[in-house]
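Heads up, the next two complexes both have subunit A, just with different partners, subunit B and then subunit C.
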Partner chain A sequence: MTETLKTLEEIRKVNASFPFSEPARKWKEQGKKIVGWICINVPEEIIHAAGMLPYRITGGDEEITLDRANEYLFSGSTCSYSRTILELQLRGEYGFLDCIAAATPCEGVIRLAEVGTHYHNIPILPLLDIPRKINERAYDYYHGEVVGLKKNLEQFFGITITDAALANSIAVYNKTRVILQKLYDMMKKDTPPLSGAEMMEILNAAVRMPREDYNILLGNLLKEIETTGRALPAQPRLMISGAVLNTSSFIKGVESLGVNIVADDLCNGSRYWWEQVEAGEPVRALARRHLLAQCPCPRTNPQHMRSEWLMETAREMRLDGIIALTMRNCAPYILNLPMWKTKLEDQGTPVLDLDIEYGGGFSGQVRTRIEAFVEMLSLEVEI
Partner chain B sequence: MKLRKVEKIDLTKFEQFISIIEQVRDHHCEARAETMFYDLMIKLFRDVLSAVREGRPFITNTMSFPTEIYAAMGITGLEIDMATPFLDVFLDCESEIFEAAAGLGVRTEICSPQRAPIGWMAKGWYPRPTAVMHTSMDQCDNLSQTGNILGALYDVPVFCVNRPYRFWDQKGVDLMTGELQDAVAFLEEKTGYKMDWDKLEEAARLTLKMMEISVEISKLSLTARPCPVKAGTGFFIHWIRMAYAGRQEGVDYCQAFLDEMKEHVAQGKGYAPQEKYRLINLFTFPMGQHELIHWMEKEVGAVFVAEPMYHHYNEAELAKVDPSKPLEALARYYYLEPYQQFYGPLAEFSDMIVNDAIDGGVDGAINFFNIKCRMGGAAARAIKDQLKEKAGIPTLTMGADMMDLSPATGADLKKLLEQFFLILDTAKKKTAAA
Partner chain C sequence: MEEQKEYFRWVESTYVNPEMDWRKAEIVSAGIDVGSVSSQMVVLCDGALYAYSNTRSGSSSPSSAKNAMDICLKETPGLTLDKINYLVGTGYGRINIPFAQKAVTEISCHGMGANYIYGPTVQTLLDMGGQDCKTLRLNEQGKCLNFLMNDKCAAGTGRGMEVIAEILKVPVTEIGDLSFDIDEEPEPVSSICVVFAKTEATALLKMGWSKNKVLAAYCGAMARRVVELLNMLTVEKEFAITGGIAKNKGVVKRIEKLIGIEALVPKMDSQIAGALGAAIYAKAFYKRQKQ
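Up next is the complex of A and B:
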């Protein structure tokens, strides 16, 4: 029997009221600002250094109907992530945001932001442009964009963001990254302390509450794991790969088939926290960390960096398989997947290529295909 | 199916295509510029075959790579995502091609012009290039990734040109100029051919000339009555500007296109027997739907007086081009080509549409938006609303595909168009009564 962790219960309370979480509500009641952000290449530290709450705009833990969003973003070509966000914005559920800081990671997010300005009334800052290529020239350009984001935020709210505040925010966010790395390292054990679903709940809470409070929760969680010696049964070890996935219930469903999700390749998972911001001039350091990531987004070139990261992770985490969740209309992921799937399979890591919709549940054909994949792995894996 | 290097190349289909195009040129052209277009297409495809057979460098690129660079380096090049849709449609092999792409996991959500190159290479029907140049063509997700798959299929080197989101600021121009500098260095290394910078400057001048002629074409098209542009040829001029950028043949084509328009204006003659509806076209007409275009123009009297994605240049930005700085000029061209603005900031792209609709005195807009296009399709409703609000015209939005007829067949499109023309009739009657 696996122990229930008290800290996890506290984390669940953060995610319970979505999207206007209880910590965000308390923050707002103090008269403070909340800035919604879309895409991990928007450095949250800049918003945090402005004394505001950075709040990641996502869907919740369940699929919603997208009737209103479908009127404005065509469902045949726009991903369900973008349409989910627009739906929530049109319903007014993100009305607690003072403005939105978004980037240009992909077509879906660009048009979500641009089309949205015509149909909802949450102000959107000029989009932060992210290069699709990772090199020094792109870094120089992106650095200029991050400087631009800082200026735009300062102008919009009539404030000044100091270097000292930025340095402090970087330290706060780096602390999160250090603790998440420790948790990730614990997942390397044959008997990991946390399920993949729990990890997702933990990561969802990260972007819905003040970071200092979150770091305290993470610290408590670490201690609790250490003192209880919590360990899940040894089972086939899988990675969930995809663009973005916020539904812990989906992962719970997968794990109910007798596997452990011990790693991820998601932009709200490893890609979100993987690396530290190094020391140096704060904006430059932020730009370097966010653009020149070791586990890059599928949108980036050169593509071999992603393949190499995935192959290395598969070896390091001793993965028995990868479930590649292809969100419909996510072109970067669709076109990137063939580039690494063959390499992983050649390395001996089977990959299940599965179509899903953002927020979709663990049922029907999706369940059937994952069951078949897990059965196949169970025949091959000896625990 | 796994993504593996394609070992066997078979150019039979590629060769067949040239024969078919020769027949089209000889038997199905109404305008002189049409004949010229097919002549230039045939020449380009023949050049590719010659280069491959003679062991000279052949580079293939995805949309919007500046081919002036090839002209100045003496390299043969072909834009694969403009070439393979033609190959598909004229050889009637779309199903086989899309199946080959699907076999690699490339789903139908990817637009057909991007699945076609993958399918052609997966089948081994496309000539093996020395290298693949691909671009992020502003923010098209497909373009920034397909080059990688193409390179892997033929095991050839790949270079990605990173294009920024915002067009006109100096930072964006500087980034693009630097990217092109790197692209030239890459091509020099992979082909062994050197850049002739004087030739590049001349190529930049020739492209500028093509763009200046295109501005005239746009203005004449918007104002002349009856419309002096044959339906469906807007895409041709765009194709030539891309394939023959920086070449005298490209300038000659644009001039011939304009001259023919002027002749029609002088004679008071259009291509439609009786012009009834002046329309603005918001996206590329589905390929292979020649009968539908013919029916619209000849039987219904519906003409496209505005096709901003082919003709609408930002003249203020065009005036900033200095061909004596050729790489910077090419960087600016990258932004100036109107088609590419459709993949950029929505505000710019919707403004050019609204302005053309007003300037052309159009009755309605038709959006054949590619159902798989996340930039064009996603913006369809916003564009429609702005056309209604700012230009006072209705828009027919049709989810189609440039090659794949599964979203909508020609009969489906015709039915929708018939209904739309009834709406335009009603609007005209109301206006007349008022």
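Up next is the complex of A and C:
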């Protein structure tokens, strides 16, 4: 039972116009503002509470040539993610943003912010610094940075962000997290209701439209899944792990080889929505949640939290294997990979180290490696 | 007009087992490996090697496959495509073989093929193909447990060797022996990049190096590059090599020296490993189909 879900068609309409989505266009037509953000350590709720539309800056569903970006960011040492974003900015495609809020997860994003500011007209707020360690002192420091972001937004737009507005925004965003967790739990079934490619489309839409409307779509999606009893055939269960990946067509290619992508370890996936904001003073609560490393980013330290999350997820989701996407020059991800790869393999979950560029398509070389990996997992013959 | 000698050329070959009669076999299975540089077809009768061809690939996968098949079946009296029970395609061109029933990657097929050629003791397989180089960890059944591929760099590939052969005007089949006909083993060349090979080789020859010494330096550099890949997966005995470069003593001996392990000696042409593995899978798929 794998008919297209009506809600998925609605979601596809949101993603169809990239990067300036239909909902974003309608928002601007009402004279309202859009704040672009890079890195999940920028608490969207603050932007939302300010009355702006938080809009994640990403690449689209296709690989693009990066000729212009390559002139500004040396391709030998920068990642294709930062250069893709810069390329889109240089082409003016993100010109609809009123300003950008970025954090400091890695050199790639920091350089992108600095270089970007220089060469296009979108103002960028002072960068929100993220500590690498996860401990109490780090929370205090990060809290200070989040307070700074709030002040900078208020100053830039000449507004005040109230605690009440924040509390409301937190409730809105927490609702998303609850529903996404429900969808994720459904993927535990042998016959999951959604493909990994569809999940990616659903995740992409989240950050390209007003959150209240998105929550309605998510709610409808859940209902539709429950009423139709949608179930994909049982196939080997894989997880896609990586820094950031937005190309649902890539995931579709992988799944066409006879696997279900049932989980992810991606910056725009689980790491984005995992864990709710707790009750309490809103800015503190936001800081705590957004730095909280239950589903930690490769850049964080100590690294064992990440290894443990991955091992636990492999067990819970009954993974047959993991595809680790190593994007060239992504130091945080590549250097963190050896920390958990052997642990997962020893636990019985093979890991395929696959190098692709951000936005990279499903080339012959990529296909051969994944196909060989899938054969390794599932091709059993009697000789 | 003087004939332009092509140093990269190696001789195409065929084989047929004169003591086998394919008509007596219960299952006639075949595999075709279409690679970027060479293509092979292997025919098995009830899982035993009956015939093969080893040919140079053309510009299109379907025609390379057909060519390998035509050349192979020319040697097999009365055996035509329609008499083959199941055919599996593998290699870079595997999805473009119109007469194959199924495609299996060359990684899985090389494992199975190596198991046939070398026996169940092979744990580490090195395949040095036309345009890529891979290391496989195998179990006793020839199943691949883990693998690493390098398909971005020509060093350690057949194409890389062909470039060296052309630059130094030495037939590629003679490189191995010549690389040992030297007084002292030189340091491997510093830049392994095959794109810069001509510049480097010219410079060395100008410095007074003999051709053989330059060959030795290149074989040494290729061996080092390949051993880097091998060590990432670690080398467990027994160790075996498939692919065209397995016939190049110059690279093979230097690899063995670096890892301190001798490669098993093949009892047949190691270039057919992929097609052989494909033919083994073909037999298994046919049996499963009949059940």
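Going forward, the second predicted complex is superposed on the first by the 378 of 383 C-alpha atoms of A that agree within 3 Å, B and C clash if a C-alpha of one lies under 4 Å from a C-alpha of the other, contacts with A are read in each partner's own complex, and residues count from 1 in each chain.
Criterion: a residue touches a chain if its C-beta (ideal position, glycine included) is under 8 Å from a C-beta of that chain, and two chains touch if they have at least 3 such contacts.
Model, not experiment: these values are computed from the prediction.
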Touched partner set for A:328, first subunit B, second subunit C, both or neither: first
Subunit A: partner with more touched residues, subunit B or subunit C: B
Which superposed partner A:365 touches (first subunit B, second subunit C, both, neither): second
Touched partner set for A:375, first subunit B, second subunit C, both or neither: second
Which superposed partner A:312 touches (first subunit B, second subunit C, both, neither): neither
First, second, both or neither for A:108, with subunit B first and subunit C second: first
Subunit B and subunit C footprints on subunit A, overlapping residues: 353
Contact set on subunit A toward subunit B in their complex: 71-74, 76-79, 82, 104, 106-108, 110-112, 114-115, 118, 127, 129, 131-133, 137-138, 141, 144, 298-299, 301-303, 326, 328-329, 331-332, 334-339, 341-342, 345, 353, 355
Contact set on subunit B toward subunit A in their complex: 2-4, 104-107, 109-110, 136, 139-142, 144-146, 148-149, 152, 160, 162, 164-166, 171, 175, 178-179, 182, 345-347, 369, 371-375, 377-382, 385, 399, 407
Footprint of subunit C on subunit A - complex, ascending: 350, 353, 364-365, 368-369, 371-372, 375-376, 379, 381-383
Contact set on subunit C toward subunit A in their complex: 47, 92, 104-108, 112, 141-149, 151, 280-281, 283-285, 287-288
